[in-house]
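Some structures are shown below for you to check.
First subunit A sits with subunit B, and in the next complex the same chain sits with subunit C.
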Partner chain A sequence: MSLLSVNGVSVAFANALGTFTVLDKLTFELQPGKVLGLVGESGAGKSMIGRTIAQLLPNRFHVTEGDLRFDGRDMLKTGAAEQRALLGRDIAFIPQEPLAALDPVLTIGQQIREHLDHIGRGAGRRPERDWRKVAIEALDAVHLHDPAGVLDKYPHQLSGGMCQRILIAMAFLSQPKLLIADEPTTALDVSVQARIVGLIGDMQRRHGTAVIFITHDLRLAREICDDVLVLYAGKQVEFGPASEVFERPGHPYTRALQLAIPPAAGEHRGLFTLPDRMPGLMSLKQMGGCRFAPRCPLAEARCHEVPPPDVTVGPGHRALCHKPEATPGIAPPPALEHRHRDPDAQLLFRARDVSRHYITRARLFRKPDTFPAVRSASLDLAEGEFLGIVGESGSGKSTLARLLVGLEGTSGGTMELLGRDVSGMDRGTAAFRRENVQMVFQDPQSALNPRRRVGEIVTQAMEVMNGSRADRATRAAELLQEIGLSPEMAQRYPSQMSGGQKQRVNIARALCTVPRLLIADEIVSGLDVSVQAQLLELLLHLRRERAMSIILISHDLSVVRYLCDRVLVMYRGEVVEQGEVDAVFANPQADYTRKLLAAMPGEGAPAAEKFAAEEAFA
Partner chain B sequence: MPSLPLWLSNTRSLIGFTLLIFIVGAALLAPVLAPHDPNEQDLINMLLPPFWVEGSDAAFPLGTDSLGRDILSRLLYGARVAMTVAIFATLGATLLGAFLAHLAGYFGGWVDWLIGRIIDVWLSFPPVVLSLILMVGLGAGLWNVILAIVLVDWTRFCRVLRSEVMVVRRRDYVSAARLLGFSHVRTITREILPATLPLLITLMALEMGIAVVVEAILSFAGMSVGNEVPAWGQMIADARQDVYNAPSTLILPSFAVFVTVFAFNILGDGLRRSLDTRLTQTERA
Partner chain C sequence: MFATIMKMLLRRLLVAIPTLLVVAALLFVVLRLLPVDPAAMSLPPNATNDEVAAMREAMGLNRPLPVQFLIWLGQLLSGDFGMSIAFRRPVWDLVSEALPATIELAFLSMIVATVVGVAGGLLAFYFRDRTAEAAIDFSSIVVLSLPEFLWALMLMLIFGVWLQWLPFMLRLDPQFERPVITGFLLLDTLLAGRPDAFMSALRHMILPVMALGISASPAIMRVLRSSLLDTYQEDYIHQARLRGLDERRVLLRHGLKNAFLPTLSLMGVQFGFLFGGTLLVEVIFSYPGLGNLMIDAIRNVDLPVIQIVGLAYCIMVLVISTVVDMLYLVLNPKLRVR
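On to the complex of A and B.
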């Protein structure tokens, strides 16, 4: 018997404007001990499925039809008290934001104790010493160092990866039958991600827990899931065994998402860019036929009018499409021409033995304690070249970027820009550097001032030059046009834009002064693959139009492989390897590079084995 | 209520603001509203009760004090002193505290260290002791009261704001502004100050309440304005000997202090709530 069976379940949201369907007639099953992946772009309704199963729907959302059974129980008929008891005991949650899920004013120990009380194994029945023992064992099982010490810490004193491990430990405390993990690794970098995923898999096998794994990373889903459900605008567009769905996708959307991801190995190919965005809730009502039709490369007249049927395309494999047989015909665009270093290209930037030490503890009369965030990094960058910098978080990538643009002074080494020494931080140097080098920051949330309008943000550089209002408006329109946003967006505030749009604004601001070198720090991490593909296309477009150089910092190696000519690998503040992308990826020299390549999802051994889980967290 | 500005669309701010309009109105219009000269002594009509008590006189609606001075007129004029101190002391403390807080939080390093140490030394004196020492040193007088409050209370602004500035300073848009050629001054005024302003305004509202109390205490102790200027604290002090036969002479000025402080606090609280939610909306949505 299946652990969870969902039959024709719809969820709607009601407000003054009417009732809107959020999830439309979902039908799937989950067997005990299996892993089901939920994939799709953000906003498709993935988290809503998790909330529906756990009966944790937000206000004004309710199930309008269908049948939902968990462990033989009709979930739509159980009382609130019973549901609360189920949650945390039989159904456990690992939320997307580990820090938000932990209470900032309680120590980890206090929170684990509360949780133990809730699931009925806690201090209420056992002596004080015992809950500590249980907690320490649980933390030990997720390979946390010094579990006893962690119990007395507050969440903000721990890294994201550590918090995520604690939540995993708490989730498995009650030996739940079902675990719902909502993008548990999106905020973490590859090597930590590999360990967390390995850990969930480990615990899942040990306890025979069924898992619903929500992710927008198709490669990850392919690696760890038994079954996969692809969601688009609240519709279940494809469902089936993971191997089937990813080998022989029946729905054009699944195929398009797959082709939007740069391949990590093998043949180079172009990226399939899905146009526009998924339709919002409000506009769904007007769509008569297939919801994917406006973006579908195979769409024809009937797709816009007739709702597509749920077609069986393989054993246990269904797709919601008029012509799933045509899906394999969707071809990726041709590969980019990878250029080799042009020996005649002018040298744009050169850094020699650049380093940066942070003072970790100042001392009177003695040399302070320092921490070397960057050690002796050297690089050459030719005009028009794309250089990738990869490495795990904390390896010094961002610090190096800040040194290169001059946001921070170096502790040693020299830098040259267009033949002129720019190692110093004086006014003239700063102005010269500013004209030629600009930076796009990692987190668009923090990089855009929430109190400025988009038009003001992108032309901020003109504020210092006292550009007139009219000049600025004209320039803003030009820049927005160039990065693919409509000029009306100039009137918006950043909070009124999607993640991908914010990132475009972030890029446009750096382009205002027409720099020759753009340093982009993790600008596509955490975005949907469709948006990522659009942004990568934008960078390529800029290279063609402006003959610009780019230094792209990323922890996603396949992105670097797709876009960059050369790559530089950092580990613990040091450059351990650099060279042409194809050479480094095909034949890595440094041990660390080999490890990094192996940790990519979808490559080689299962995630659990790639990084020994007991390895210390950085 | 679409016509109200956002910071007022909150019951708390609205109550506080309305009360303050009345208090400020009373202070400004005191010469017009007051039925008598606040210092005019009417020795025939001493210790008259307020209108709700038998034996009151319609010419002195809130009664008179032991020298036969009209309490209503003295309360109205007293509001002038209270408001003057509230406004100028708060402005001074804000300017000094916010200036140093932005310097410390923005530049960090030794600037921060130095300002931090000054605050530590300052805070090692209990505020009451410090203000008394200052008042003794400076001598009595309205402007000295203001100066003393500024010198004592700027640390409150500085400490709270400094950590806020440090949070904002770490946002990438501040780095971006520097990269686009913004000078330090422009970065602070255009990128950081707008983000710290809500907190600053809230602190100012609360500080005004504190200033009113401190002025009342100092004028109670006779260290504020001279005898010829009516002040609430002084009225309370004068009423002490008659507290049993004329309790209203004590209760009325105390009530004036209470209402004013309440108005400032509830306004500050309301501002904090509405400005906070506005921030969470724009920064997280």
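On to the complex of A and C.
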């Protein structure tokens, strides 16, 4: 018997404008001990499935039809108290942001104890030692160092990876039958990611738990899932065994998503860029045919008019498409030709032995304690060259970027831009550097002032110049055009844009002064693969149009491999390796680079084995 | 944790010294600019000009202002707070009688403000998006828009004059003799073993405490509610629900504990205002505290008293804000560990 059976379940959102379907007739089964992957772009309704199972839908959302059974129980008819008794006990959740999911004012021990009390394994009237013992055993099982010490810590004293381990330990305390993991590794480093995934797999096998693994990372889904469900705009467009779905995708959307990801190894190829974006809730009602039709490369007239049938394309493999047989025909664009560096290109930027120390503790009469965030890093960058900087968080890659752009002063070393020394922080140097080097920050949500219009944001650099309003408006229109947004967008506020659009605006702002070098700090992390592909194409387009150099900081090695000519690997503040991208990826010299490459999902050994191998990593 | 708190106290103390000096200097200068002559006031009305001049000389009033200030400071530091011109008693005696009364009043008012504010905030949050919230919201606006002295007058008229449920003058019924042990009346009546006197003192405090406490509560309520709304957007609230905790537990253990932090910082400011509010409320209820002393002193241009009472208010506000910050440190683990 299936552990979870979902049959024609629909969820709708109601407001003054009407009722809008968020999830449309979902139908799938999950067997005990199996892993089901939920994939799709953000906004497709992936997280809503978990909330529906938990019966904790947000305000104004409700299940409109269907049958949802968990362990033989009709979940849509269970009362709130009964539901709560299931949660945390039989159904456990692992969240996306581990640091934010733990209460900041309670110690880890207090939170574990509360959970133990809830699931009936708690102390009750038993002595203090007892629950501590249970908690320590649980933390030990997720390979946390010094579990007893961790119990007395607060979440902010721990890293994201540690918090995620704690949440995994808590989730498995009750031996749940079903675990719902909502993007559990998205907020974590690649190296930590592999270990967390391995850990979840390990615990899942040991306890025989069924898992719903929500992710936008298709390679990860392929690696760990038995079955995969692809969701698009609330519709289940494909469902089947993971190997089937990824080897022989039946729905064009699945294929397009796969092709939007830069390959981590093997042949170089271009990225398939899905045009536009997923239709919003409000526009779904007007769509008579397939919801994917407007973006589908195979769409024909009937796709726009007739709802697609649910076609069986293989054993246990269904796709919602008019002509799934045509899907394999979608081909990736050809590989990029930019890869060969122009040997005659002039040197643009040169850094020698640049370092940065932070004072961790000031002392009276003695030299302060310092922490070296960057230790004598050297790099050369030619005009038009794309350089990738990779490394885990805390490796100093963002600090190095801040030094290069002049947001922070160096503790030592020299920097040269276009032959001029820019090591100092004086006004003249700063102005010269500002003209030629610009930075795009990681999170557009916080990098864009929410109270200013897009037009003002992108022309911010003109505020220090003597430009008229009309000049600024003209420039804003140019910039928006250049980054692929319509000029009318200038009147919008950042909150009225999608994540991908905001990141474009973020890039446009840096382009305002026509810089020679753009430093992009993790600008595609956390974005959907479709949006990521669009942005990567944008960067390539800018390079063609402007002969601009880019330093791309990323933890995603496949992005660096796709876009960059050379790569620089940082580890604990030091540059441990640098060279041509293909050479470094094919034949890494530093131990750390090898480990980093091995930790990529979809590469080499399955996650579980990798996990064992990587314990020595920390 | 203890070390962090000591460090903070030390830092606060270092800041308090210049703060008090500036306040003392301001009080001193402003009062000297008043067109009154303390020397003439200290003498009988029929004194001759020579006598006044002699008195000025004796009081040091013909010296430059900064020198006078330094002399006054020196006297303060040596424990000499001067003599009241109007009451002909040492200022220290007057202040040490009035100060405990005001502290009692303010302290009880803060408790009432906190209880009413927190309860109101929790209720308003609990009933969010329902009619009950609108009702709570409406009454909070009404309360907020009346100043505390109007509340004092209203409560006095309703419960004192009209219904005659509660006394509204002084601190004790006349049949009781006032025991003096610590200076704090509520404490002293208990220590003296007079529960009847304690009840009488308590009944006398209800109206002034309510007037001050109620008018300070809406701000607390509003900040608590909005910070609860913010807190409920956080992942840990959602995660607590996903673990199957019931709503009451989510609210009291996870929601309130986090939402209380911003509320606490507001309460520090609020209590500073509350102290200022005691002045008028004391006058209205003829409550023998610092406020009444201050008003009397101002009426008589009793400069030595005005100066010291002013300083006393300043010290009270500093102490309250330090205590609030200390609580903040205790409640917020992020600030505690360095």
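Definition applied: the second predicted complex is superposed on the first by the 607 of 618 C-alpha atoms of A that agree within 3 Å, B and C clash if a C-alpha of one lies under 4 Å from a C-alpha of the other, contacts with A are read in each partner's own complex, and residues count from 1 in each chain.
Convention: contacts are C-beta pairs under 8 Å (C-beta built on N, C-alpha and C of every residue); 3 or more make two chains touch, one makes a residue touch a chain.
All figures in this text were calculated on a predicted structure; none of them were measured in a lab.
Colleague: Answer with clash or fit: subunit B and subunit C placed together on subunit A by superposition.
Modeller: clash
Colleague: Report for A:His156: first if it touches subunit B alone, second if subunit C alone, otherwise both or neither.
Modeller: A:His156 sits against subunit C, while subunit B stays out of touch.
Colleague: Is A:Leu106 touching anything from subunit B or subunit C once the two structures are fitted on A? First, second, both or neither.
Modeller: Only subunit C; A:Leu106 stays clear of subunit B.
Colleague: Where does A:Arg509 make contact in the superposed view: on subunit B (first), on subunit C (second), on both, or on neither?
Modeller: first
Colleague: So, A:Met548: does it touch subunit B (first), subunit C (second), both, or neither?
Modeller: It touches nothing on subunit B or subunit C.
Colleague: Can you give me the overlap between the subunit B contact set and the subunit C contact set on subunit A?
Modeller: none
Colleague: Applying the document's contact rule, which stretches of subunit B touch subunit A when the two form their complex?
Modeller: 171-173, 175-183, 186, 190-191, 194-195, 279, 281-285
Colleague: So in the complex, the part of subunit A that touches subunit B is made up of which residues?
Modeller: Within the complex, subunit A contacts subunit B at residues 402, 405-407, 431, 434, 438-439, 441-443, 445-451, 460-461, 463-465, 493-496, 509, 512-513.
Colleague: Quick check: in the complex, which residue numbers of subunit C touch subunit A?
Modeller: Subunit C reaches subunit A through residues 129, 234-236, 238-246, 253-254, 257-258, 261, 331-334, 337.
Colleague: What part of subunit A is in contact with subunit C in the complex they form?
Modeller: For subunit A paired with subunit C, touching residues are 54, 56, 59, 81, 83-89, 92-93, 95-97, 100-107, 114-115, 118, 154, 156-157, 167, 170.
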